[in-house]
Amino acid sequence: MIYITRRERFNSAHKLFREEWSNEQNYETFGKCSNPNWHGHNYELFVTVKGEINPETGFVVDLKELKTIITEKVTNKLDHKNINLDVEFMKGKMASTEVLAVTIFEVLKPHIEAEGAELHSIKLCETENNFVEYFG
Amino acid sequence: MIYITRRERFNSAHKLFREEWSNEQNYETFGKCSNPNWHGHNYELFVTVKGEINPETGFVVDLKELKTIITEKVTNKLDHKNINLDVEFMKGKMASTEVLAVTIFEVLKPHIEAEGAELHSIKLCETENNFVEYFG
Amino acid sequence: MIYITRRERFNSAHKLFREEWSNEQNYETFGKCSNPNWHGHNYELFVTVKGEINPETGFVVDLKELKTIITEKVTNKLDHKNINLDVEFMKGKMASTEVLAVTIFEVLKPHIEAEGAELHSIKLCETENNFVEYFG
Amino acid sequence: MIYITRRERFNSAHKLFREEWSNEQNYETFGKCSNPNWHGHNYELFVTVKGEINPETGFVVDLKELKTIITEKVTNKLDHKNINLDVEFMKGKMASTEVLAVTIFEVLKPHIEAEGAELHSIKLCETENNFVEYFG
Amino acid sequence: MIYITRRERFNSAHKLFREEWSNEQNYETFGKCSNPNWHGHNYELFVTVKGEINPETGFVVDLKELKTIITEKVTNKLDHKNINLDVEFMKGKMASTEVLAVTIFEVLKPHIEAEGAELHSIKLCETENNFVEYFG
Amino acid sequence: MIYITRRERFNSAHKLFREEWSNEQNYETFGKCSNPNWHGHNYELFVTVKGEINPETGFVVDLKELKTIITEKVTNKLDHKNINLDVEFMKGKMASTEVLAVTIFEVLKPHIEAEGAELHSIKLCETENNFVEYFG
């Protein structure tokens, strides 16, 4: 069993905000992350897949195909978008790094399994000081 | 003459957009950077100051004071904000990295001169692949 | 279960040295790390906490509170200090990266549990080429 | 139990290529990685060893000795070499990151055990976007 | 006048070698960089362009067009190639970082001027420890 | 004219302190950098040399020789040392990044000129947020 990881990046706006709360209540809970006019990040996404090495190719999975899956299913839908407003798979969810990481895992899992590999984990970095990991 | 640089960071939303143009015209000129619902970045700002070394302290400038100036005058006003909507010194300007770098230079220059030092340059990084430098 | 990590940094002096040994014996065991007049590092500390996502906030733990705990209990006590001489929780211990990582884990564990979260691991980087991980 | 990691680097040429296939068939499977005249990378290798802390030294393993083992047994044989042509332990194998990581694990394991420590994992980075991990 | 920089990357094989010299003479001059079977690097290329800000767009130059020029004229011809054997604009030249940086400058200059901008400099990084800069 | 840069690193202890001042006066001027029991850093040193390209080798300067000069004359004398106490060329000087950068420039200049090259600049990074540049 070997683990291979692909990094992709996307630049998005978001806010941490509950519509049913006042701005003050949102600020009390989420601090500056609740700014009503949004803020944004350069996100780094690490997708780790595991499997046996194919003896003919030396590969666990073809990285070009893994990159295509991540780009088409996830990063193209997030890049230069507003996570709260523009992204179908985040509708009705909190746009926290935790929830986004779990959702990306769920979006990617069936597509990676269709390639005969297994999704091991998602690591999502919001800044150089904060990141989240999810293993399913 | 010696040059000393302080790095600060801020996370903001913005879009490249001219209000008098249609969404289509904006998209044609600015591509995905014109997304009406905004996107965002982790910006890195490098402020370079030059001067003679004070023989008593070994300093060109007290970095704590330089940090205070950058934070109070610039990064606190940009961090977790929308550059187009929330930032007084960017009102009525294009929120491009170039224009933001020039504006930060102009905002900082008098405050750094008041400390007896000289502002040499601003370097502003929008992503790991793009940055701008301005020397006044 | 999801894992969230906060990075903090501190700059400290230390040496690897047993007082009951001669300088020569220390040099034989610890090499240049035993320099009697100390040396130092920019340490990077990664604290990983795990838990369930709170559905109301989208958080495992409030990162501002996690940052406050790490800063007050650990990094403020190490930053711009001598690890062998100035740090209460390292008194009488070898100032190796391994021992420091284990000690930081033990210092942080009860404070993070008091927040209702669980401390998963400490990663402590001494240089770009060396780091240690401890899982309790 | 604590984990300590040493990073080493090497710069090598390679290609992904099966001699019994035509150039076209290789290109179809391996894309630009099959370029007949080779290409190359700056590889980063992270070797993680685990064990108990020696109470006298505060060490799991002497990093100088770990560095010597990695350098003599692995990186000196790969650095500024052609992985397909010049490296004894890769003869007859696919020069993929996956196969190279597994092989480095197998080469290092007995030498690290001879030091009284245990090899936990190999992480091998081919570019800033791709890396492989192997745990034996 | 403002300066904007775009980073691109390419992974190539090369050697430092004069055909008219023996392997021994090449080794004496170029050391391990003369390995007859090649070695390789992950190169990082920084292209800096200068000009006035267009008041309508806030741009010095459209980064998408700059990226297209760099990719089509330079990095697509170097990436996953052998610099000594596969690259038209390096034929008959030493494949040193210095000569490659000067050549890239000369290749890019007319194409960037055709966009109405001015090429300021090329920075080319061979490893994390070595890089070259050329200003024309 | 082309510019080539070599990075080297060293890990040292220091403090900012004037012996003729009280601890309080030192703290007022230098803050936590005046801690009497020292603190330390992982310093990064970038040495930039300029010259014409030698047409036979493609080199401005042999990087192995440049590395030897930097290591023997500068970094071996600073690494795992106390800058205030252990380093001959810093005796009687303030151990600030500014003064250290100027001193390293003066130490290296004659040795680099003896190689037929010209020292262009020293860049010295104390943390990821602070660095100094000196051009002679």
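For reference, chains read A, B, C, D, E and F in written order, and residue numbers begin at 1 within each chain.
Rule of thumb we're sticking to: a contact is a pair of C-beta atoms (placed from the backbone, for glycine too) under 8 Å apart; a residue touches a chain by one contact, two chains touch by 3 or more.
These numbers come from a predicted model, not from an experiment.
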| item | value |
| --- | --- |
| Reaching chain F from chain C through chains that touch each other, fewest steps | 1 |
| Label of the chain whose CA centroid is most distant from the centroid of chain E | C |
| Reference interface C-F: repeating pair among A-D, A-B or B-F with over half of contacts shared | A-B |
| Classification of the chain A:chain D interface as same or different, half of numbers criterion | different |
| Intercentroid distance (Cα basis), chain C paired with chain A, Å | 29 |
| Multi-chain contact residues (two or more partners), chain F | 128 |
| Pairs of chains satisfying the touch condition | A-B, A-C, A-D, B-E, B-F, C-D, C-F, D-E, E-F |
| Chain D-touching residues of chain A, taken from the complex the two chains share | 1-8, 48, 53, 56-60, 63-64 |
| Footprint of chain E on chain D - complex, ascending | 9, 11-14, 32-33, 35, 37-42, 79-82, 85-86, 127-128 |
| Chain B residues touching chain E - in the complex, by the definition given at the top | 16, 18, 29-31, 93-99, 101-102, 128-135 |
